[in-house]
Each structure stands twice: as C-alpha cells, then as structure tokens.
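Each of the next two complexes has chain A plus one more chain, namely chain B in the first and chain C in the second.
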Partner chain A sequence: MSTTMTPVKARRSTTEKEQETPAWKKRLTSDNAARVAALLSFFLFWVLMSALFERVPGPIEVVQRLVEEFQRGEVFGNFGMTLYRFGVGVALATVVGIAVGVIMGLSQLGRAFFESPVLVGLSIPAIIWSFLTVMWFGFGDLSPIITTFLTSVPFVIVNVAQGVRGVSRDLRDMSTTYNVPFSRRVRDLVLPAVTGYVAAGVRFAIIIGWNGVLLAEWFGGGGGVGYRARWWYDANRFGGFAAWVVLFVGFIVLLDRFVLDRVIQRAFRWRDASA
Partner chain B sequence: MTDQLVGAAPVAPPADPEAGAKRTARRRRWRLTGLVILGWLALYGVWEYGSWWFGSRLLPTPYEVLLSAVEIVESGNFLTDFSASVLKTFAGFGVAAAVGAPIGYLMGRYNYWRAFFHDGVTIAGTIPAIVYAVMSLIVFGLSNLGPILAVALVSAPYIALNVAEGIRGVDKSLVTMSEAFGRTPQQIRKEVLIPTIVPYVFAAIRMCFAVAWKVEALTEVFGGRNGVGFQIRTEYQLYDIAAVLAWMFLFIVFMLIIERLVLAKSEARLLSWRPQERSSAL
Partner chain C sequence: MAVLTIKNLAKTFNVGTPKASRVLDDISFDVRGGTFVSIVGPSGCGKSTLLNIISGVEEHTSGDISLTSDSGGPARMGYVFQDPRLLPWRSVMKNMMYVQNDRSEETVARARKYLDMVGLAKNADFFPGQLSGGMQQRVGIARAFAVEPDLLLMDEPFSHLDAITARGLRAQLQDIWAQSKKTVVFVTHDVVEAVELSDRIIVLQPGGRIYEDITIDLPRPRRQTDPTVATLQAEVLGRLEAMKTLSRTAAA
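The block that comes next holds the complex of A and B.
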C-alpha cells in the first residue's frame, strides 16, 4: 500500500520524528526526567498545602522532628518492636492462610465449611479487632500480633484458594487416577502452581497487616511506631506525626522494592526462564 | 469389587443410572449445605467459647449483641448515622473518580505521564489506611470532610491504576480507524476511550468499596461528629462492647446490601449496552 501511495508530507515515520527532536527535548521527556518532575511537584504540593492549612506541617519542620527523634534514640527501638509484631503476625497469617486456602481450593466440602467464616473475617474492620484485642490481651506484644494475623489471614486464604482452583484440572485428575499421595500432590503440583497467588496474597496481607499493627499500637499504647505517632498526635504536634509517617512509608517502600520484589523474582526464576 | 459390580448390574433397571446420579447429586448438595451450616455453627461456637473464656464483659455473647442490635434498630436514629456514613463514602468515591480517572487516563495514554505518576500512585496504594485517616483529620479537623478525603485518598490510586490498565487495553484498531475516518480527538475520546474505561472505573470502585467503608468508619472513630464510626467510638468509650459489635455488624450488613443493590444495579444499567462484557465482569 505504501509503495503505490505518495507519502503525505505531514505524516512522517517515527524514526524521522525521533531524529528531528533535539537532544534537550528528548532528555526533558525521558522517563527519568518525568520521575524528577513528579518528585518536584509533590514537594511543591506539600509546601503549598502547608502554606494553605496551618495544621499541615511543612517539610522543614518534619525534617527537624525527624532529626530530633533520631537524636533521642526513639527510632530504632520502636521500629524494631513494630517489625517484630508485624513479622510474627504476617508469618502466622501466611502459614495458616496457605493451609486453609489449599484445603478450600482442593475440596468442595472444605470450601463449603470455610466459606462463611472467611466472608465474616473479610468484612470485620481492623479497628474492631484492635479494640477487642487490646481489651483481651492488654498492652503487650500479643494484641498487635493477633490484630495483624486476624486482619490479614482472610486475604491470604482467598487468594490461595483462588489459585488452587486454577490448577490444571487435567493434572489433578491424572494424579487422582495414578493414586499420587495427597502430600506429594500438594508439594509437587499445587504449591508450585499457586506461588503467584500466594505472593499476591502475602503482598496484600502485608499492606493490610501494616494497618492492623499500627492501629493496635495506636490504641494499645505498648510502644512501637503506632504508639509513638499517637504520642505526637496527642501532643498536637503534627510535625512529629508526619516525621513518623515519612519514616514508615519510606521503610515500606524500600521493603517492597528491594526485598519483596527480589524475593518474588527469585521465586519465579523457574517460570520466567522457561517463558 | 468386580463381584459387587456383577451382582448389582442385573438388579438395576435401565433408568437407574440417571436416578442414581441424581440421588448422588442431591446427597452431595445436602452435604454441602450441611457444611455451610456447620461453618456458621463453628463460627458461633468459637464466639460463644471466646465470650466464656474472656468473660462477657470483654466479649459479649452473640445473643447480647443481637439484643443490642435490636435496641439500636428500634431506637430508629441509626438511619441518620448510616446514611451519613454512606453519603460520605460515596462522596469520597466521587472525588476519587474525579481525580483518579484523569490521572489514569494520562498514565495509559502517554509514556511521559506514566513515568510521572507511576511511582507516586503505587506508593500511595501501599500506605496503610490509618495514615490517611489521621492525615485527613489533621487537614480538616473534626468535620465531615475528613472521612471524605480519607476515602478519596485510599481509592484514588486503585482507580487510576485500573483506568490506566483499561486505556492501554483499548482496541488500537478502533482508534486508528477513527483517525483514518477523520474523527477529531474529542470525538475519539468521547466515543471510544471513555466507554471503554467505564467498566474499569466500576471494577475499581467495587474493588475498593470493601476497603473504603472501613476507612470511612475508621476516620469517624478518630474524629467524626456523626456516622457509624462515631457511634462505635462513643460506645467503646463507655465500654459497651456489645453495642460496638452490634453497630459493626449492622454496618457490615448494610454495606453488603448497598453493594449488591446500588453498585451492581448501576453498573448493570451503565453497561447494559455491552452484554458480553457485563456477564464476564460480574
């Protein structure tokens, strides 16, 4: 078609267009420039907000508070406490969630039994769990752990069950026909096939779990990031609160980028290599 | 085993296999319903046991919660709190859609804006809800705007990501054809792009609805002047746990009904022109 038609002057090929744009323009529209621009505009937006609302702390105040918190040595102890509670809670949720999810995915009877409890668990807000656990277990480590566990376990279960149900029917039938023992079926067929769903579920559980652990610490008051953030909030010094938010969100982002992504990539080497 | 088969074959009349299959199917259904009921019973049992273990002051029995719920419903003023909470949730969705959909559109259409927004949107999606709740409280103080902002902040990233996904999934040949027939960019936007992304916006809203009303209630617990969260906090401060649980369960039931009725209905209505898509989306 293009051989018979004379090219319209206004329409140029993409390579021609690319060659014609000057280098500075290319640099300005590159992805990295966009990221820098996004950071800058976020910063400007923050400054603007702190100018508009006097209750919103500006960047300078937040950095000051952050430095003060580090100098007081409040950061690492509280962070460690929160991490410990969070880690135990999410680990428990992962183990229990995978077990129940596999049962729910493999047998219809199991699904019928667990369906309603999981549905109820999904719909109970984290705040109710944190209220209840704080009253039940007091201000120690137990209430944040249990809150994290209870809020995140239904999400793992749902994800894993969905993944197990998606396991190739043919392979499942074949292993039934050949009398493959249940434990081997789970280990060699189901678990590799659902790794993706487990990863998605755990990722979601982590997001939900942070919320749970922070809430329980906020109301439970036994130390930790949530407790410290609340301390500043109650003191009506929102700069301190914002400093903890910055610290915490930074930590979550780093964890997500550098730990979770790597782990997930490692876990999927076998699949990505063959694809 | 072969003996059994041989023995059973002559006795069975010709129509029996089907009847047998039906019988097994029925028995199977009965067993499934039985297990569903058993699931609820187990839940009830755990609750009863828990309230015996912790004492009914720390975990009221189901019956006490039921009494409290009946009391709340009979008093009649729960409707104002419910409607306040629901209105705030939907207002938050409105704001989130108004902000998130254009961002998602830009992200899906242009590479530059994708790089611009991508990191921010993904980070915003991972921040715990409590941070948003307290942040909106700091910005607006004790007002109805706080919960709305919190809901908007929680749901906007999801809507943006979903819309971007939808835009990228738009049939390229449709756009090319519209261009070839000399349609203006506005026309393409209105007739091709926007109809394609409406289902994605709805999918995003349904996805975050479950999270959104919880965040809404959470923000009200921290600082609301009405709504379900406010009632929950008031009862918690009075250590009336039965009332806390009753409010929560009423709210859950109410929200499930809203989800089924309002969201599903309006989605079906807006998307009724594309029957296939709808059936696959639900």
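The block that comes next holds the complex of A and C.
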C-alpha cells in the first residue's frame, strides 16, 4: 500500500517576511502613515463643514486672519504673554503636584490630609477657576497663572500619588534593609519609578492647563491668546477667533510631540537596555 | 563574640483574628562573628520570615533579637535576596553606591573591588537589564559584601538560577567569604548547598521550631564532589528525612 505525502510548506521567518514586503506597503502601514491619515481626515472634515455651514470658517480664511494678525504685530506679544503665563502655571503645578503626590503616596496621614482637597480640585472646572481668579486677582498675569495652576495641579497629584503607591515593595524592603536615607530613596527609587506617572501628569497639566489660561484671559482681558480670541469673537468674525485657537492648539501638539515625547523617551532609555 | 543573639522569638501573622497563624515558635540561637550559618527546612517552615525579622523588614510578635557591631555603632547589615532587587534605571555602579553610607573614594574603591571579585568590573556602567540573571545576582552579592556588613543575610540567593550558574556562584561566594570572613546567615531549602557552604546548620521543622543544630566541621574550600562533603550531605539529608517522617506521624 502506498501513501501520499502532502508537502508541508516551511514557515517563513520574520526576516524573510520583512524582506518580501514591498517598501510602499511598509510605508502605508507605518505609524507615521496613520498619523498623516488622521490629520488629513480632520482637514477634509474641516473643509467639508466650512463648505456646508456659513459660520464655520474654512482653512483659507483662518490662514488669512492669522496673516493679518501677524501683519498687525499682534501675534508675538500676545502669544508670548500667554506662553509665559501658561509655562509658569504648568511649572508650578508640576513642582507642587510631584511634592504633594509623593507625600500622598508614601504617607497614610498625608493621603488622609490631601485626599479631600484634591477631590474638590478635580471637580471644579477651569471656567469656574477663571471666574474666581479674575474676581480675586483682577486683570493681570496672576489670574491666568493661578487658573492654570489650579486646574492642572490635581491631575499631577493624582498621577504621581498613584505611581508612588505602585513602587515595587521588593525594592522598598531592600532599601529598608540597607537603611538607605529617605532623601536618597525619594531621589533614586521613588522619582525614577514614577517618571511615567509624572509624565502622564504633566501631559494632563498641559492639556487641562491651556483651557485655564485661555479662559482666564478671555474673561480677565489684559492681552494674550484668550484675549485676542475674544476680541475677534466679539467682532463676530469667527475666522480670527479660530486662527488663534488653531495657533495655540498647534503649539500644544508640537510641544507634546517634539519636547515631551523626547523627554519621556530619554527618561526611559534604561527600558531599552536588554540582555 | 556573638554578632546575633535570638531568644524565644515567635511570630504570629494576623494576631487576634480567626486567621491567626504562628509561623515561628520559641526560636533561640546565637551566631558568633565570622561564622557561616545556614537555616534549612521544608517550604513554609518560616525560614524567610526569620530572615526578614532579623533584617527589620518584618516585626516579631514576642522574644528578643540583638545585634552587635565591632565598631560599637549600630550593626550594619547586608542582604542578598532570592531575586537581585536592583534599581533597573540605575547603572550597576550606582546600584552598588545606592546602599552605601557615604560616597568617599574609599567606599567607591571598595564597591569596585567587590564588583571585580564577582567578575563584573567591566560592567559597572551597564544597566541591570543588560545583564543576565546570574550576573544580576552577582551584583546583588557584591553589593551586600561592599557595605562591609556586621551580619550578611542571604535568602536562597541561588534558587532562581540554573544549576551550572548556581554552582559557579556558590564557589565564588566561598572564595569571597574566605577572604572577608563576614558573619553570614544563609537560608536555603537545599541541604547539599548548606553542607557545602556552612560551619553550622540550623534545621527548622514545620510549625517554625528548631529541630536540630548541626556543626559542620569540614576543611575549606569544599566542593560537592569531595567524598567527605558527599558523606556528610547524605547524613544530614537522612536526618531531615527522619524529621519529615516524625512531623507526618505527629500530624496524623
């Protein structure tokens, strides 16, 4: 009796698969292609909406208004003003947020003390803080700075506290056994362990904080991106309003992609090290 | 002089609750300076808990522990864990320095000396993730010796390694110990390993009581293949088997 052997096809290695995939297919299925596709989709949606609705300014009108603002010399002064207020507010939120988050993560007493204020802070929206700070501090730099700080600091605290609570028990026990001083434990064990949580907290601070700064400028006047956006809004010219929003959102996106992303990659370079 | 003295030590988990369980009961022994003492026993007899109590990570329920130091100051301890417990985001050298009291040149030189003794001087700037499991454990051993401890605790440091790496590290440990003559309390479930390394073996039985205290009077360096070592290993194994039988009978 004879048997028929079905030939078994040898399985290909990942290297072979990689070599067989054409370059155009690799490019089309890359992460960068997905990002470009998302941007293009958003842009097409914007064009479509502006074509359908008269009160939605299209990209060309927005660019025209932005050029006008540049020509009037309004951009650098106002943008710089907002950036200063935003930067100081986020920096303060980061420093205070890390300190309070570490205390909440390490100490039961600290957690009990800060838990309620942080919860209240999380539940108050940026618009309420902007009203309050304008009432308290008037039309200067202080209202937008404090609004940015107050809206973003609870998010940094919550993220950092969560990270500190997650620090490896084994490494903490090792530090206890060797009597490692508290300051060194915070610097060499706790802070590096919570870097990811700090980064997530700062990201939140930036995303939430810019709402705060723009709203405080919107209501408090005294110059800045929020002030100029309101100026165009009051003039019933939505192209100018949108131009300022696009400018600031664009800046936040670039800041996130080219600064924060790289800082995070550098902080986690030890993860890329493998045997 | 005794570096470590333990008297009537007991440990009960979940005291005052229905889940209360006594893991160590009436433990008393002392460890003289410069000796290598192993604690052996079956899983769950409280070996690691005892080590954690000595190190201060765990609190004891009753009894006394005292540690003395040659310097007159507080006793310094080193601890080699089952896993290396290195900070993954710090280089090997920074891990060595993390547990040191000071950053003097002398301390740095000592850290380098012990790294060199475990054959990792060239890897001082590597991150732990760039080393194999065995190499990471060698860093853990070098770190523990480099603090110049009055008492060095080791909790089954070779149990996660393959047999060949473990054998190499045991030989290395014997060499370093012979040079430094530190006082060591070594926890293991491996009797063969205990006989090879120790001056004395304390056998814990289920329920956390001391069953036997055995003196190992054999010349060093020892290797598992030495006939005298093998004979003693067989004898100690026999005693442990007898203990297990006795425990099973008592339980029945």
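Here, the second predicted complex is superposed on the first by the 227 of 275 C-alpha atoms of A that agree within 3 Å, B and C clash if a C-alpha of one lies under 4 Å from a C-alpha of the other, contacts with A are read in each partner's own complex, and residues count from 1 in each chain.
The criterion applied here is as follows: contacts are C-beta pairs under 8 Å (C-beta built on N, C-alpha and C of every residue); 3 or more make two chains touch, one makes a residue touch a chain.
Since the structure is predicted, the reported quantities are computational estimates derived from the model, not experimental observations.
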item: First (chain B), second (chain C), both or neither touched by A:34; value: first
item: Touched partner set for A:233, first chain B, second chain C, both or neither; value: first
item: Partner chain in contact with A:214 - chain B first, chain C second, else both or neither; value: first
item: Chain B versus chain C as contact partner of A:117, first or second or both or neither; value: first
item: Chain B versus chain C as contact partner of A:135, first or second or both or neither; value: first
item: Of chain B and chain C, the chain that contacts the larger number of chain A residues; value: B
item: First (chain B), second (chain C), both or neither touched by A:56; value: first
item: First (chain B), second (chain C), both or neither touched by A:265; value: neither
item: Residue numbers on chain B that touch chain A, as the complex places them; value: 31-33, 35-36, 38-40, 42-43, 54, 58-59, 111-117, 119-120, 123, 125-131, 134-135, 138-139, 141, 210, 214, 217-218, 221, 229, 232, 236, 241, 244-245, 248, 252, 255-256
item: Chain A residues within the chain C interface of the complex; value: 170-171, 173-180, 184, 188-189, 192-193, 195, 270-271, 273-275
item: Contacting residues of chain C [partner chain A, same complex]; value: 52, 55-57, 76-79, 81, 83, 85, 87-90, 94, 98-99, 126-127, 129-132, 147, 153
item: Chain B contact footprint on chain A (complex, rising order); value: 29-32, 34-35, 37-38, 42, 49, 53, 55-56, 108-109, 112-117, 120, 122-128, 131-132, 135-136, 207, 210-211, 214-215, 218, 226, 229, 233, 238, 241, 245, 248-249, 252-253, 256
